[in-house]
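Step one of this worksheet: look at the structure below.
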């Protein structure tokens, strides 16, 4: 039984990690930090975990704990202060923030607005999307867990990019449930404001954009040019990204389906389907991809639960690979369906 | 054309007042205050008013403005600092906060947690529910505009209380849309928290409770004992209060319907209906009341738009009465229906 | 006082027309048909109209009524059976279905799947988008009221198409509230299915596509190539269409804003804004347009209430023009804001 | 590995049973019926089960299958046609419809509107609420799985009824997500109708009423008099029932909490909490109970996921007991939390 810890256990991704890890058959959630909740039990704050975990929040994780793996679920900019000492202590790390997703320090400072203070580990970090980079993840000491929007767009676009049937230009119209925006109340997430609306934000400037380009580049060799328009919709969990690309040859829906089937046919968590459905994957680590040829365009839909396959579930999937467990261990349940 | 002003024009009730007043045929919205937005135009902040009002927010309302009426749409406790000088200046006042709704200073300090600093006007203020206290409102200089929950419960219960067919005990299970909680973001109104939930709060301690008892007492002579359980539901606008009472004699649904018809049959805004509907009244000053006899109990439903009949629309209705306008002026539109 | 009638008064657009017409100062709603509700009063079915209209539903509209205008709010295919005899009787017609929106009978049969039986009037019908075709509408005897998606996309794209700053290719990712799909229950609109989801449908095959191309062509002379992906989101009213185009020259956000300001600066109902908002226009005939330059792409957002500016409100706006009334008469209220 | 089957696998409770059983470690979902989908694979219809179950729907369950347990998830009235032959064949049965919940044939025909055709098994059926009737369930051959509303009200009220601190009168104001109403589209569940509303229905006449009275009677000996007002709210999953009772002695919140702690302190799935939360239990078999003393009244809240603890999860819990498995087997996960 490997021991794992979470730095940043209060927020939504930390809470979701706790939810998944507390019933995981192969690892033990042994430590969990929170500045504001230090001393309290995890189930005092995340009441839905009552009966599943009784460990206390601590202010810091002490290395003496002998942890095999630590998840960093802090805001951007904080992770890179924590990761170096963990790596030095020989602990494997999965970072759920954006700190280790880009490999170029200049690219990082351009999109995140501050310098990267841990360029060495930035270089070594593996992008944690198992369906595309499984073998690398297995050997990684540091995994940068992909962003929620990014995962949905990459899963939808990477196979056709690699197959060379589309131009390198992607317009991703991404719709997200509100839990993707985190647990801190703000005017944009105030129910009377967003409850009956669709709210575009960070139009063309969202930080998941460069990681999509990077990941597609690594996977397909194509220098993708991505425009992403994130939009909040009044659902709690779920992302549906509609990705528009230009076909560079005449192909049928059937041709395209073969490309996706080849890529995902044997995957446990990613399914190429006729009609994508948020409800089919909500509460699970599963994702849907579907596509339609419309004249000379291709629209590909990527659908997932932003807190599971879009964050903590995918992190557990990576952990399983890194620790030599069964890849589906602890996250092998279907979506809610309804 | 009478001139009216609003103290506290930024919040939801102030914004809703602006919406209603800017198309009112008989009055002119001439002044509007906001500490944070002083200097900006009202349509810079409430963009939906573009083309309807261009007046600027000011920090204070100067009496030299020669206003005929001022609405006070500030938080509880602030209104009683503003009202005395307005009254002295001979300006009629409608207060949308809770400051003037109770007539007893002790009752006030018990429920609001601080002393009332304007006991004289507290005594004079008229409770602004036109369907029950129309004649008094016409002559009032200060009107305390009823709370949103309170209006829904009072409309549903007062007629049967007065008719003497029920005991004096009321249990009001009140469900409100989130706009009733105001524009300041908070954990309870954070979409991921409330978007797929029902959230009881202030259970048995909500401040609208004593004003319901007072109003029913004034109207019916019955010393009502009210328990109210407010609950947030994930809709933006609308309240449905289910009010449970005990019948003190054997009556039929038809007997009860006669009581309500007698009370509301000639009213323009309050309708006794078979099936109450939030959508039928949303966006309007209309309210629905309905009832069912269940054995020895009576359930009465009160339904309205919390920002219109539950707040700013009712305030305009009171203003019309106080200024000698047609009661329905400026608020005479049906609900959205869908 | 002109007299107007509605053929098809039960559905959502018919109901919304009734809502708007019953308080219209310049016309009288004098007749209203419904097969299933013939004999009942309009307020028996649309209870929110109680106190506003008492006219009965009839099975047919008899020409002896001496109506000045008839709205046809029936399903596609039914309107063209009704319109010829109305036109012959000298009654002006606004058709809210898709029957008269395309001018080419072949195009019609291709998209609607059956022959057009009234080709003469098809040719004469004017496309009822006042901001683009005001003068033609004033003189029209038959107006084809635009589709809800179509209005949102056309308003967002036509000005930049005309200005020649973008290529002729439009990808419109359109999100609609559920009321746009009509009042008949179906699996797709079943709350447990759609309440926490985003549902793409008619991907690339939606019937509003050709009318967008037609209208943009008439207005700008550009042969636009439109791909539209409609998606249902769990709100009741409102559309936000994100329209993606390719810039054909280097332009700034400021350059683009000048184009829109020139087009809409003097319009009462269409506003070029920084941040588009569904809540700002809901319940009103107003629309928002906004835009962002993202590298070599332009995204333009079109936002409106699908039942008002997207259907019945726009129809009333057209009626006002056709009958020589003030264009804003009866529909001159701001959106709800919250 | 015991083999289990489902009669009626298409609807929401059947689909939810499939979801839970396909990952159950101790039983195998071996058969599943559906008239309309016979011949298709379960994952063709319930696409979220892809990768979890490949068995085909059949029209009937043949006894030769050697099943150990059959769940009947058909509409009311159909179950009693299926159950007798299953019982005769020696197969244990859990009926999720209302057919076996009442023990008195007259009571049944009064509430369900038709005669009961299987009075013998009606008498033998055990009410499947494990927290109250665990020992009986273990020995039962037929279990009547409780209704969703009923479970929420019984869990909230039974302990205080038994403790004798309240009168026998219960008013239950029950709010349910829409999935509780089943998968068949209807006007009431049409999103534009219910998406921004609260809809009372079956006021005082809902069929879960007598089963609440029965269950509380069996458990506490008190002849409870229950009034229940079901109300649909626009969430997909979840019930919160606010139950109002009259205290018959002066007690504190602490006194009451002791009663609940005594009853539920050792339970795995039912938790007495300070603030009940639908999100804390959604997606799980857990339930929350909380309470507040308000003067001489007690309000007790019962909260659960209507499809899990309110239906299929509870059925699996009963199955575990009946087949001698660990009670929590296959359903031992926390709620989603967010």
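Letters A, B, C and D mark the chains as written, and numbering starts fresh at 1 in each.
The definition used in the following text is that a residue touches a chain if its C-beta (ideal position, glycine included) is under 8 Å from a C-beta of that chain, and two chains touch if they have at least 3 such contacts.
Since the structure is predicted, the reported quantities are computational estimates derived from the model, not experimental observations.
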Chain pair with more C-beta contacts, A-B versus B-D: B-D
Centroid-based (C-alpha) most distant chain relative to chain B: A
When the centre of a chain is set as the mean of its C-alpha atoms, what distance in Å lies between chain B and chain D? 40
Which integer distance in Å separates the CA centroid of chain A from that of chain B? 46
Residues of chain B touching 2+ other chains? 12, 177, 179, 183, 192, 196, 234-237, 277, 279, 338
Using the touch definition up top, name the residues of chain C that touch chain A in the complex. 171, 173, 175, 177, 192-193, 196-198, 200, 203-204, 225, 227, 229, 231, 233-238, 240, 242, 244, 276-279, 282, 292, 294-295, 297, 299, 301, 338
Which positions of chain B touch chain C when the two form their complex? 12, 15-16, 19, 22-23, 46-52, 179, 183, 196, 236-237, 268, 271, 273, 275, 277, 279-281, 283-284, 286, 307, 332-338
Mind listing the chain A positions that touch chain B in their complex? 12, 177-179, 181, 183, 185-187, 189-192, 194-196, 234-236
